[in-house]
Structures are given as structure tokens and as C-alpha cells.
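One chain, subunit A, appears in both complexes that follow, with subunit B as partner in the first and subunit C in the second.
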Partner chain A sequence: MTRAGVFARKELRDLGRHRIVWILGATLALAVVIAVVVASLAFRAQMADYQAYVADLASSGSAVTAAAPQLFPLQLLRGGLEYVEIIGALFAIVVGYGTIAREAARGTLPLIYTRSHGPRALVIGKLLGIAAFWAALVTVLVLVAGVTVALVGGSGLTVADAFRLAIAAAAAWVYLMFWSAVAVGLTATMRRPGTALILALGLWLAIVLIVPQIGDTMDPDNQVPGGLFKALAIAKPDELAVLAHFSHYEVTRNGLEVTSISKLFERISFGFLGIKDKYNQQSLGFVWADMYRYTWAMLALLTAGLGFAVSVTTRTRLLRKTA
Partner chain B sequence: MTPPAISTHGLTHTYGRTFALRPLDLEVEAGEIFGLLGHNGAGKTTTVGLLTTLLRPTSGRSTVAGYDVVGQAPQVRSRIGYLPENVQFYNDLTLVENLRFFARLSGLREPDRRITEVLAFLDFEGHDRQRLGTFSKGMRQRVGIAQAILHRPEVLFLDEPTSGLDPEGVRTLRQIVVRINAELGTTVFMNTHLLSEATRTCTSIGILRDGELVRHGSLAAILGAYPTEQALEEAYFETAGSPA
Partner chain C sequence: MSVLAVVAGHELLASRRLRSPRVLMSMFVAMVAAASFIGWLTQRTVSGVYRQVLADGLTAQPDPFASVAPMYFARNTVIYVVMIGTLMAAVLGVQSALRDRRAGTADLVLTRPPGVRVVLAGRLSGLAVLLAGVVGASTLASWIAISLVVGAPVSVADSFRLVAWGGVTWVLLVGFAALGMWAGLHVRRETSALVAPVVAWAVIAFVIPQLGTAARPVSLLNPVATPPQTTGVFHMLSYLTGPASITEHFKTLSTAILEGPAWGLPVGSLAVVLVFAAVMVGAVLLTPAARLRGASDD
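Presenting the complex of A and B:
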């Protein structure tokens, strides 16, 4: 086994033994279950309303028919994904911060660094361990979500659904890994691990909450609850015609949104799961045509995060913490 | 002629503008137990830090086991064992799990077999499944020695190994150090401020004072110069001065 492999195995074991990690993991899983349950109950209420409406129509002798609301099981995952986007990022920061802070606090670094291994073996090993941990947790979340959708929503997932879910899971893995890598890098850079945690939380606030919120606020369609264009009964072609006059504004708004990896994750996962109406029941090719640039952007951000973590987590920096 | 196990030429280290170690010229022959004496803050730990590659020298050069400490650090690391003053382990892991981790980090192919050998050598069997968080200071020091010799180092660095131990622990550790030197042929470089330890364990000593090596030689030569029972104590206070 390589030295990085030794560190990876140790990291994975440490994470598996850590109580806080179990609590945070369980919280995330519970949040996903609750989100699916709530969405499912909402759908059932909608269905009950529809059936009452149909019964009223029938009793009044009306021949008018109404389309039944359709259940798209993957759409029940919207809330769960939002939890991963917000709480998951926080959790990922805690994991990344803990991996370096814990090692420094234990005082084991002098023993580690008087052994012969590559200069980056420790950080690469730790990142590999974290990567395996996220892969395991995301798999568990997908299984929990899939079973909950099947049990609560009363609808099983097809093979095609499972494939789309796998794509969303991969996006979630990239997203969580990015946050952990950034936290590892910041914790290695700062002399006091606590400062790194505060900085990472500041970044989380900006990237997860503030930037997407600004983008949402700037969206003309969000100015009225339910959508401005819908409220004004403006049809889609007319809406696009109106927006064409504000293309620079829209480019700026969109550009701002996609600087946030949270928004990228949201767009990709909402796109492939058909949560956003435009992509619901569309082919993967259709979704990919819109999502590929976001996918590359997200992978580029992950690469940058990992590069940052690997380049700044040096012997000198870590040993200074122990001193 | 066998090259020295440790050799330094004009080795210095500064923290900001403060000299922790003034130009140090020192040679420790292979097979010796060398004791570096000095008051707290004299530069003993800095010296060990430099020789174990944990610190970078401000100037000068040094070799350990024939390899340059800066230019050939990986080779040095694979040939040294190190026990820090306050050795820390993974308290949530058992003795064997801790040693297995460090054995794998040292690249040992059959860690478990080597761990069994080392624990037998240290007369430390029967604690394999115990978590290190439950160990006494003396037991932890023995684990520290075990991790330090797992990969059969040529040179073993011990930083204040008897610090905080009770008399029984001190004696056990002293016997272990002597056995490692005699039976495994390992050169030992030991920091201590306990003169009695140096007298009973070391074959040569050096005395540091404010980062400067003020005396260096075989124990026999130093004791010979002071024909009293407290020979080393006299030599120590004469050269190292009284503690501040």
C-alpha cells in the first residue's frame, strides 16, 4: 500500500469513528427523508384536491375534464437536494477542517513527518479518505432517498430514474468534496485552525447563501410570488421576447449566479432530476446540452479546490501548528 | 574507517533574531549512546529537530547515517527513529493499531510480524488490544520507543525520554536504551537534563549552553577530569552554568 493509501485508510477510519460525523451524517439523511415526506404529502394533498374537484364536476353533471396532477418521483427530491446544498456544505467544511485540526491537536505530526514519505502523501491521503467517505455517504443518501420515494411517494424508480439520480449523486459528491478541500487548504494555511473555520464559514455564507440570493433577487420573474410573467399571464414566447431586451442584465445576473458552486450544483441536479420544469421528462441529451458548461465549471472548481489544498498543506505549515 | 553516525558543521538555527543554536560542530560515532545535556532552553530540542529533519537549519550542514539532512532528507528519515519529549499517539486506537499505522508509514511489508518482534524485545506483550488512551506515561514511552525502532533505524533520537517518569519507569527505559544500543547496534542520540541518566547510560556527552556546545567528549574523559563522585555534576555546572 502506498503511503497516501495508508493516510487515506486512517482518515476514513477516523471519520467512521467520529461521533460528530455520525450525528451530522444522520442529520443530513433525516433531512432528506423529511424533505421527501413533506413533498410527498404535498403531492397527496394536491391529488385529494383534484379528486374532490373531479367529484364536484361529476356531481354537477359537467362534461368538462381536468388533467390529473402527475407525480414525477424525482421531483420529490428537491428539498433533499437543497439540504445537501446548504447543510451538506457546512458538514463538508467541518470534515475538511477536522482532518487537519485534529492531527495538529493530537501532536502526532512530528512522528509522521520523521518518516520517509512523499511531501504531499499526507494531504493526498487525507483527501482520498475524505473522497471515499463522501462517496459512501452520498450512496447512503441516494439509497435513503430512493427507498423513501418508493415507500412514501408510492412510486418506485425506473432504471432511467436511477441513472439520473446517479448523475445528481455524482454532482453532490463533487460539491461536497469541493467544500472539504477548501476547508483542508484554509486550515493548513492559517496558523490557528479556528481562524480557518471562521474564514470557511464566511465563504460558505457568501457562496451558498448570499450570491445565489442576489441572483434570485435580480431575476425579474421572482419579483412577484408565483412568477411575474405568470401573474401577468404572459406566454413563454412573449416572455422570451421581453427578456431579449434585457440580455446584458440577464448575462450579468446569470454570470453572478454561476460564480457560486452551490448554484452550479443546484442547476445540474435540478436539471437531470427534472425538478426544473424545462427539463422534466426531457431526454438526457437535451438536459446535457444545457448542463455541460455547468458540469465543466463545477469540475474546474473542484480541481482548483483540490489544487489549493494540496499545494498549501506542506510539512512546514503543519509542523508550525504543532510547535 | 566508519563514517560518523552524526556529523554537523557550523549548524545554526534562529527563531527570528534569536539564536537557538550557535554554530554547532559535532561528531557522534556509530554505535555510541550520545547524551546532549543542557538547561531548559539551551537548544537541545532544536538540535534534535534539525537532525531529524523537523526543522531547517539557518546555516551550516549536517549528516545523519551518512546522508545530508537537508539535501537527502528522505534517506535520513528512513534511517532514523524519533521519540519526542511528549510523545502523542492516536488514543482511540489500540497499541497494535497505532504501531501498524506507523509501520505501514515506514513501508514495512509485514507490519504485524515486526510489531510482535519489537513488543517481545521490549517485554511489552499482553497490551495489544488496549487503547492507548488508557496507558500510563511509562507505558506510552515504551510504545514511543517501539514505534521508533519498528523500521530498524540506524540512529535513534530520544528527546528527554525519562521526563515525567517515576523511578521504576526511568530504570526500565534506561535498560531499554542500553539494550537497543548493545543488541541492535543502533546509535542513540539522547537529550536529557538528568545527569544521573547521562552517567549511567551514555558513552559520550555534549553540554549545550545558550545554544553553544561548550563541552564534548567521551564520558570517561569527562569523568576522569573530575575525580569526585559528582564528577559529571561538577563538569556540568562549570560549563553549563547555573540555571537562570
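Presenting the complex of A and C:
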């Protein structure tokens, strides 16, 4: 086994032993389950309202019919994905930070560097260990979410649904790896690990919460409850024609949003799972045509994050910290 | 000078010296100032969209933003308090508790007569003064930004609304600073002490309100509180979880203070924010001296 492989296996074992990692993983899984349960109950309430409405119509002798609400099981996962987007990123930072801070606290780094191995073997090994950890956790989350949808939502997933879910899971893995890699790099760069954690927290605030929030605030349709265009009774084609007059504003707003990896993850996962109405029940090819740019951007950001972690996590920096 | 004032003064000095929480403080004040401009830019665009819709003959509805009150532009600042302000306060609280544990100076401090309650009260007072400064700066930034956006100084009545809102914000932030300090005193590892209040914040801001409102997590980042469900299982859940939805109560309170009628203060929401701060401050003050002495593990 290569040195990096040894470090990866050790990292994975360390993560499994760390209580905080179990607590955070369980919290995330619980949040995902709660989100699916809440979405399922909300759908049931919507269905009950519909049935009461139909009964009222029937008793009044009305011939008018109303379309029944339709359940799309993958749409029940929306809240769970938002939890991965917000809380998952935070946990990924803690995992990435912990991988370097733990060694610094134990004083094991000088011992590790008494052995001969490649200059990047330690960091590459640690990142591989983290990658395996996130792959395992994301798989567990997908299974938990799938079972909850089947049990509470009352609707099993088809093979096609499972494939779409696997794509969303891959996007989640990329997203979480990005945050862990950034945290590894920041922790290696800072003299005090605690400072790195606070800086990573600031970065998380900016990228996960503030930038998407500014984008949402700038969306004209979000300014009126229920949507501006619905309030003004404007049809979708007319809405697009009107917005064409404000293309610079829209380009700026959209550009701001896509600088956030959180928004990229959201768009990709919502697209492939059909959570966004435009992509619901559409073919994968149709979704991919709109999502490939976001996918490449997300992969480029992951590469940048990994590159940052590998380039700054040097022997000199790590040993300086323990001096 | 009393011992409490000395401890508070030292806390103020030490917290101001910390570089990383200072980044969060600057981020908070900057975003509060920017929020009004973002709101103005959006409102201007929405009015432009409306004029275009009207010119194209697509609607006969009145302009939904025809007469926007100046305090509308302060609306978005509420969410930055919930997102950045509370986390900044929690980090300040954690750092305050960990500082002595790292340096091992608690043993020395506690050999002096005042006792652990006075030391903790002094630290909380120092943090409260620091937070009052940050909230004051952000309120002033908001006042200036709104005045620039509307092209005239904010009226005296609206200025009072901003100051009252600043007061409520300060109470909420003191509560979160105490939550952070409590975590810093009671959690053994430094990493866990920093993460614990953030997890608590995520549960308070997202998970608990979701149970009572069926709202999605991201939609809870709306500056206006999501109304609780009034039927079915969510009605019961909102009854149970309502008092713990502290950030939602803060949003309700903020909307009432900034935009509502002068007599329409939601007393229940005010009580929830006050009780939260009082409980967290009480929990810190009841911490035994032994908790101050343990060194952090990482």
C-alpha cells in the first residue's frame, strides 16, 4: 500500500473514532429525516384540503372539477438537500479542520515527518480518507432519505428515481469535499487552528448564506408574497419578455448566485431530482443541457479547493505550527 | 472601580484584540449597511418591471411598491442579524470562555475575593458593551444608508423605530453570546465548544421553525417570519415548538417594530426573546468555578 493509502486508512479510522463526527453525522441524518417527514405531512395536509374542497363542490352540486395535487416522491427531498447545503457544509468544515488540528494537538506531526514519504503524501492521504468518509456518509443519507420517502411519503422510488438520486448524491459528495478541502487548507495555513475554524465559519457564512441571500433579495419575483408576476397576473411567456428588458440586472444577479458553490449544488440537485418545476418529469438529457455548465463550475471549484489544500499543507507549515 | 467593571473592561479589551471575531463583526456591520442599498436596488428594479408591464398593457393592477415606507429598506437587515449577528455573538462568547482556559489564568483570577459569579458577570457585561457598540454602529450605518436611499434624513419617529429595533437586536445577541460562553465553559474540546453553539443556532433557526410551519429551511432565511400552520399536525407542532423558535419570534418582533403600527408590539415574541437571553445569562452565571479551570483539549 502506498504511503498516501496508509494515511487515508488511518484518517478514516480516526474519523470513525471521533465522537463529534458521529454526533454531527447523526444530526445531519436526523435533519434530513425531519425534512422528508415534514414535506410528506405537508403533502397529506394539501391532499386533505383538496378532498374537502372536492366534497364541498360535490355537495353544492357544482360540475366544476379541480386537479388533484400530485405526489412526486423526489420532490419530498427538497428540505433534506437544503440541510445538506447549509448544515452539511458546516460539518464538512469541522471534519476538514479536525484532520489537521487533531494531529497538531496530539503532537504527532513531527513523528510523522521523521519517516520518509513524498512531500504531499500526508495531505493527499488525509483528503482520500475524508473522500471515503463523505462517500460513506452520503450513501447512508441517501438510504435514510429513500427509506423515509417510502415509509412516510407512502411512495417507493423507481430505478429511474434511484439513478437521479445517485446523481444528486454525487453532487453532494463534491460539495462536501470542497468544504472539507478548504478547511484543511485554512487549518494548515493558520498558526492557530481555532482561527482557521472561525475564518472557515466566516467563509461558510459568506458563500452558503450571504451570497445566495443577496441573490434571492435581488430577485424581483421574490418581493411580493406568492411572486410579483403572479400578483400582477402575468403569464410565463410575458414574464420572460418583460424580464428581457432587464437582462443586465438579471445577468448580474445570476452571476452573483453562481459564484456560490452552494447555489451550484442546489441548482444541480434540484434540476436532476425534478424539484424545480421546469425539470420535473423531464429526461436526463433535457436537464443536463441546462446543468452541464453548473456541473463543470462545481468540479472546477472542487479542483481549486483540493489544489489549495494540497499546495498549502506543507511540512514547513505543519511543523511551524507545532513549534 | 468595582471588580465587575475591571473584569468587564478587560473582557472588552481582550475581545477587541481578537482578529478573527473582528472579521465577523466587520462583516455584520458591512452587510447591515449594504442591505438597505440592495433593498433599494431591488425595489427600483421591481418598479421598473411594473412600469414595463404597464406599458405593455399586461396588467391593470396597482404598483405593489407605489408607496414604500422608508423602514421597508431596513427589512433585509433583520436576516443579517439572524445569520451573521447571532453567530458573531456566539463566537465572541466561546472565545471569552476559552481564553482563560487556554492561558490557564482562571486559577489565578479565582484566588481573588470576588468569586466566580462576579468574574462571569463581568465578562458577560464586557461582551454586552462590545455588542452594544456593534449594534450601535450597525444601526447608525442602517440609518445613514436609508437616509441616502430615500434622499432625506430618516424621520424622528422612524429613528426611534430603528433604535428600538437595535435594542431588541442587542438582547438577542447577548443571549447568543451567553450561549457561546456556556458552550465554552462546559464543553471540553475547543472544536466542540465552537461547533456546539453553531449547531444550536442551526436547530433554532431551521429545524424547530420547520416543525411548526412546514417551511423549507432556505425559505426560513426570509426576513419576514413564516406564519405557523393552523390546521392538522403542524398546528399541534407549532404549539409545542413555537416558544423555542427564537429567531422566528425575533423576525416577528422586528417586522412589528420597523414596519408595524406603533401600538402593535407582539408581546409574546418580545417575551420569548427576553426569556431566551435571561435563561442563557442565568445558565452562565450558575456555572461552577471548576468549569473555568479546566484546560481545553485541542
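Following the convention adopted for this analysis, the second predicted complex is superposed on the first by the 323 of 323 C-alpha atoms of A that agree within 3 Å, B and C clash if a C-alpha of one lies under 4 Å from a C-alpha of the other, contacts with A are read in each partner's own complex, and residues count from 1 in each chain.
Definition applied: contacts are C-beta pairs under 8 Å (C-beta built on N, C-alpha and C of every residue); 3 or more make two chains touch, one makes a residue touch a chain.
Quantities reported herein were computed from a predicted structural model and do not represent experimental measurements.
Participant: In the superposition on subunit A, see if there is space for subunit B and subunit C together, and answer fit or clash.
Facilitator: Fit.
Participant: Can you tell me whether subunit B or subunit C touches more residues on subunit A?
Facilitator: Higher number of touched subunit A residues: C.
Participant: Identify the partner contact of A:A42: answer first if only subunit B is touched, second if only subunit C is, both if each is, neither if none is.
Facilitator: Second partner only, subunit C.
Participant: Let me test your reading of the model: by the given contact rule, A:L319 touches which partner, first (subunit B), second (subunit C), both or neither?
Facilitator: The first partner, subunit B, only.
Participant: Using the superposition on chain A described above, determine whether A:A289 touches subunit B (first), subunit C (second), both, or neither.
Facilitator: neither
Participant: Taking C-alpha centres, what angle do subunit B and subunit C open up at subunit A, rounded to the nearest 10 degrees?
Facilitator: 90
Participant: After the superposition on A, what does A:K10 contact: first (subunit B), second (subunit C), both or neither?
Facilitator: first
Participant: If you stack the two complexes on chain A, which partner ends up touching A:R115: first (subunit B), second (subunit C), both, or neither?
Facilitator: The first partner, subunit B, only.
Participant: Who does A:E82 touch here: subunit B (first), subunit C (second), both, or neither?
Facilitator: Once the two structures are laid over each other on A, A:E82 reaches subunit C alone.
Participant: Let me test your reading of the model: by the given contact rule, A:I198 touches which partner, first (subunit B), second (subunit C), both or neither?
Facilitator: Only subunit C is touched by A:I198; subunit B is not.
Participant: Regarding the shared-chain residue A:V94, is it in contact with subunit B (first), subunit C (second), both, or neither?
Facilitator: Second partner only.
Participant: Contacts for A:A300 in the overlay, against subunit B (first) and subunit C (second): which applies, first, second, both or neither?
Facilitator: A:A300: touches no partner chain.
Participant: Rounded to whole Å, what minimum CA distance do you find between subunit B and subunit C in the overlaid structures?
Facilitator: Shortest inter-chain C-alpha distance (subunit B to subunit C): 13 Å.
Participant: Could you list which residues of subunit A make contact with subunit B in one structure and with subunit C in the other?
Facilitator: none
Participant: Which of the residues in subunit C come into contact with subunit A in the complex?
Facilitator: 19-21, 23-24, 27, 31, 35, 38-39, 41-43, 45-46, 48-50, 52-53, 56, 58-59, 61, 64-65, 76, 79-80, 83-84, 87, 91, 98, 189-192, 194-195, 198-199, 202, 206-207, 210-211, 214, 216-218, 221, 229, 231-234, 297-298
Participant: How about subunit A: which of its residues touch subunit C in the complex?
Facilitator: By the definition above, subunit A touches subunit C via 20, 24, 27, 31, 34-35, 38-39, 41-42, 44-45, 48, 78-79, 82-83, 85-87, 90, 94, 97-98, 101-102, 104-105, 193-195, 197-199, 201-202, 205-206, 209-210, 212-214, 216-220, 223-224, 228, 231-234, 238, 241-243, 245-246, 249.
Participant: For subunit A, which residues are in contact with subunit B within the complex?
Facilitator: Touching subunit B from subunit A are residues 1, 3, 6, 10, 17, 106-108, 110-117, 316, 319.
Participant: Residues of subunit B touching subunit A in their complex?
Facilitator: Contact set of subunit B toward subunit A: 52-54, 56, 74-75, 77-78, 80, 82, 84, 86-92, 101-102, 104-107, 147, 151.
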